[in-house]
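So that we are looking at the same thing, I have put the structure below in structure tokens.
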Amino acid sequence: MSTGLLTVSPSPHIHSELTVPQIMRGVIIALVPAVLMSVYNFGWGAIYVIGLAVGFCVGIEYLIAKYLLQRPHSIYDGSAIITGMLLAFNVPSNLPWYMILIGSLVAIGIGKMSFGGLGNNPFNPALVGRVFLLLSFPVAMTSWPKAGDWSLDAVTSATPLGIVKDGLRSGESLPTLMQQMPSYSDFFFGFQGGSLGEMSAFALVIGLIYMLYRKIITWHIPVSMLLTIAIMTGIFWWIDPTRYADPVFHLLTGGVMLGAVFMATDYVTSPFTHRGMIIFGVGIGVLTVLIRLFGNYPEGVSFAILIMNAFVPMINRYAKEPRYGAGKPKQG
Amino acid sequence: MKLHNKLKTFRIGGVHPDDHKITAQRVIVPLPLPKSVTIPVTQHIGAPAKIVVQRGDTVKVGQVIATHEGFVSSNIHASVSGRVGIIEEVMDSTGFKHMAINIRVKGDEWEETIDRSEGLVEEIKLDPKEIVARIMEAGVVGMGGAAFPSHVKLSVPEGKHVDYLIINGVECEPYLTADHRIMLEKPKEIVVGIRILMKALGVSHAIIGIEDNKHDAVELFQELLKDEPGITVEALEVQYPQGGEKQLIQALLNREVPSGGLPADVGVIVHNVGTTFAIYEAVQKNKPLIERIVTVTGKSVKEPSNFRVRIGTPVMDLLIAAGGIPEDTGKIVSGGPMMGKAIADLDVPVAKGTSGILLIPKEEATRAEVYNCVHCGKCIEACPMGLEPYRLLILSKKGNSTRAKEEHILDCIECGSCSFVCPSNRPILDYIRLGKTQLRKPKKA
Amino acid sequence: MNPVVLYTILTLTAIGILAAVVIYFVSKKFEVKEDDRIGKVEQVLPNTNCGGCGQPGCHAFAKAVVEAGDLAALHCPVGGNTVMKQVAEILGIKAVERDPYIAVVRCSGSFEYRKKTNIYDGAGSCKIAAALYSGDTGCAYGCLGMGDCVEVCDFEAMYMDEKTGLPVVIEDKCTACNACVKECPKDILELWPKGKKNQRVYVACLNEEKGSTARKECAVACSGCSKCFEACRYDAITMHNSLAVIDPEKCKLCMECVDTCDVHNIVTANVTPEKIQAANEQRLKREERARKKKEEEKLAAEAAKQAGNETAQQA
């Protein structure tokens, strides 16, 4: 036969179009608006940090695979690039290079490769790296350059959340503090201080819509997380608006949007089923609000997501759809 | 999907492959008689039939050449007239060699008892027991692909009460259109076939389930059956595997067959619409199962068609009649792309369960690179039986049969939705099948 | 030193020591009492837990041996006769010597001899391919080459030869634990006695097709020509459906059959080509003698008949 040997394999013989490299590419594209916004706000610092983080993450994954584990590397699937970008998004733009290196080492080495590579890690690697840096270098991780200042040695300032937390502790009332803040539209579009990826809800929402359109993620985790935060902070704000900020403030500041769109929706560390995802999202929302309002840290999203990551196996076990034929048979 | 009238579908899982029904408008044409046919004696589920002819015998179309061995077995008839040739083990579409009877075709002489007239015979003269006996004599088996002997399905065990007959006109596999065409071209005969089945089972309700991408068939039957007592038509959402009998029963009647059970346990019997037509021919025309409709299709096929083919015709003949084998063919599948079997030998004969031959171009024939499981949960979302395929893969790979059984691996209907949807291209169904085999056959000592 | 640090160190040390003492006493109190011979036996076992003895692990084997009291039915193939002798000594019972075994590969269908007839694209496991169809070559009996056997070997005694596509058993490492034999879906691997002087003879083929059909499928398939069957003086070779099978219990390792095979598919282990040649010549000489004897007898019979006829005529 002129066609050569035929191929034989077990069924099915067709496949849906979504593959892992395509998904990774889709996520990277969804991250682009936030990248652009961070460059707009922080200039060279943003490019430097993102570039270093991605470079370190990819390089470390390659080296670990080749020399430590001695098996084929997987850097072409794109997941290391995404971890690098998300790690960069979680740190200030003036972080020194060696801290970025340590963060990447922890994120990829401990957070991902030590568990067996892609798909085997229980915790979100970027968050593992970020929390490690936060606990090891608290000062460097909590001094952010002012937005719009492109120079590499910009003047540092605190984030709106930091201002509110410190202000409330020292006895100021909320309304006065809020007057020092940029307007809400500034928050939404991203003209505020903070880590690289956190500031622009607008850019992150564009990314969310793109990923929903490409069917990379479903609405369950972002919506359940954001709704929970909005409702919980709304209740507290309603009880005492002089001590608790309003829900819009909470949604637009800090890492909530970044967490809801990119960190909590990571396939590997989130539940399988839709009802599991909703439980997961609600859990993150509750923990975030508790840490923000009653904890020592001004920001709680990273910790909240990592804690809920630990619960995912349990959620997967108990939040299952009833399978076919599980109930009693119904007779005619 | 109509907005005012949401179509019924099954409760969990399912995927949406493109349906590629490129032969939907092609009228059925009879394939010219081959030079010889090779008829396997194991075309059905159950014991292989016992051969009753010898080399050199002359046979006529419809003559019995092998008889059923026991109850769960089927008669085999000559599909052509001529001389019996060599009887030996040959490669068939299962991928293994089985005993088959070769007949060298000479002329086209039929058994005198077969009514070859074209007209519709409406009156059902036989009583239920006689109907079942006739179906058994005629060697009718399930023609949707499973090839389960139909007379066994109609013999409802003691203690089970059946109140619904479901006719499966869904044809959810992409590319296949054999059932679609027979519904469009022989609807009256199918309706008589349904009446025959209702009489044999003693039921007064029958539903024909048709996927909505065959809307012309839906409308045709709705028109035909508007005054018919007891038979209704239901258009179903286009979703794979809508035609799986468990899913179909749940979609139409909201009853779920219990794990390890049969449709009769929930009062239902399901028959494929092609089988129904074969039953009409067997009961009303005394014609045994000797030919069937086979769709020959594929993106590069020159003349994709729906052929009426004699059982035992080599697949090569069908491909030549469809314009020859395209240059870029990488894989040839007997059946549909989700559950069909890839074949490597083109002398393989058409069997009673061969619903189509699909030619897949080279660029689509090889599987893509396999990645680690990313725990996306898409396989769980897709599984129509509500299982966790990623976990069954791991358990089967490690040989952990006990845990696999606890996780209901035997409920798997092997529809392929999990492998289809996995973004990491993991061979999930391959390993689930391995796990099921390991459970059924204990490891050798 | 800062007093806080000092107190911390002392407190933690004290807690540690207390915990250790408690654990010691608890472990002694809840210790599982077991016949201490089991522990002694277990120590001399290879402790690979491969299951080759038929027991679920080395501890279970030790227990079974102590409970059974004799070694008639229990043997550790990995440890072999040396270990079983030690076990017998510990228990004070008679040691049972067994012939060592080894796994042999009964397929010679390498890439060179067996051409591919299709491309297999399923999951890379022989078991999955074997369940799907009769293989990607013409021979339905041959090795599928994906290495399920190599993966299951606990002793790193097997590897896939890249050039031939067939598995290779490393003699010194194979412990005849039976894992690969159980794993192979085509039953190509078999346990064979290691043999005197480590020599073995076996037919490396399982193809039961007749003559030319078999050769079309694989150039070195056993065609059932029966020449080896005829050559064997000890009835060690039998023919099953056009396939020659050697019985290792009956085989005397005389090597006379080896050169009768026109495709050299009677495989030997650790036998020099000179020995095979010598055996072959011995066989040819013997057959020549037998033929001459038959001819002489025929002539003698004819002469006797002639003589008988003459006497009859004379009479």
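Letters are used for the chains, namely A, B and C, taken in the order the chains are written, and counting of residues starts over at 1 for each.
The criterion applied here is as follows: contacts are C-beta pairs under 8 Å (C-beta built on N, C-alpha and C of every residue); 3 or more make two chains touch, one makes a residue touch a chain.
Quantities reported herein were computed from a predicted structural model and do not represent experimental measurements.
**Q** With chains as vertices joined when they touch, what's the shape: line, ring, star, complete or other?
**A** Complete.
**Q** With contacts counted as defined, which of the two, B-C or A-C, has more C-beta pairs across the interface?
**A** Per the contact counts, B-C leads.
**Q** So, what's the distance in Å between the C-alpha centres of subunit B and subunit A?
**A** 48
**Q** In whole angstrom, what separates the CA-based centres of subunit B and subunit C?
**A** Inter-chain centre distance comes to 44 Å.
**Q** When the C-alpha atoms of subunit A and subunit C are each averaged to a single point, how far apart are the two points in Å?
**A** 56
**Q** Please set out, as single numbers or ranges, the residues of subunit C touching at least two other chains.
**A** Touching at least two other chains: 117-118, 121-123, 128, 132-133.
**Q** For subunit B, write out the residues touching at least two other chains, lowest number first.
**A** 95, 344, 365-367, 427, 430, 433
**Q** Among all residues of subunit A, which ones touch two or more of the remaining chains?
**A** 5-10
**Q** With touch defined as at the start, can you tell me which subunit A residues reach subunit C in the complex?
**A** 5-10
**Q** Can you list the residues on subunit C that touch subunit B in the complex?
**A** Interface residues on subunit C, with respect to subunit B: 117-118, 121-123, 125, 127-128, 131-134, 140, 182.
**Q** With touch defined as at the start, can you tell me which subunit A residues reach subunit B in the complex?
**A** So the residues of subunit A touching subunit B come out as 1-3, 5-16, 18-20, 22-23, 74, 77, 116-120, 267-269, 271-274, 320-332.
**Q** If we count contacts the way the header does, which residues on subunit B are in touch with subunit C in the complex?
**A** Contact set of subunit B toward subunit C: 91, 94-97, 344-345, 365-367, 427, 430-431, 433-434, 437, 443-445.
**Q** Please output the residues of subunit B touching subunit A within their complex, sorted ascending.
**A** Residue positions touching the partner: 11-12, 15, 17, 95, 161, 163-164, 174, 246, 250, 253-259, 261, 265-268, 325-333, 335, 337-344, 346, 358, 360, 362, 364-368, 371-378, 380-381, 384-388, 408, 411, 414, 416, 419-421, 423-425, 427, 429-430, 433.
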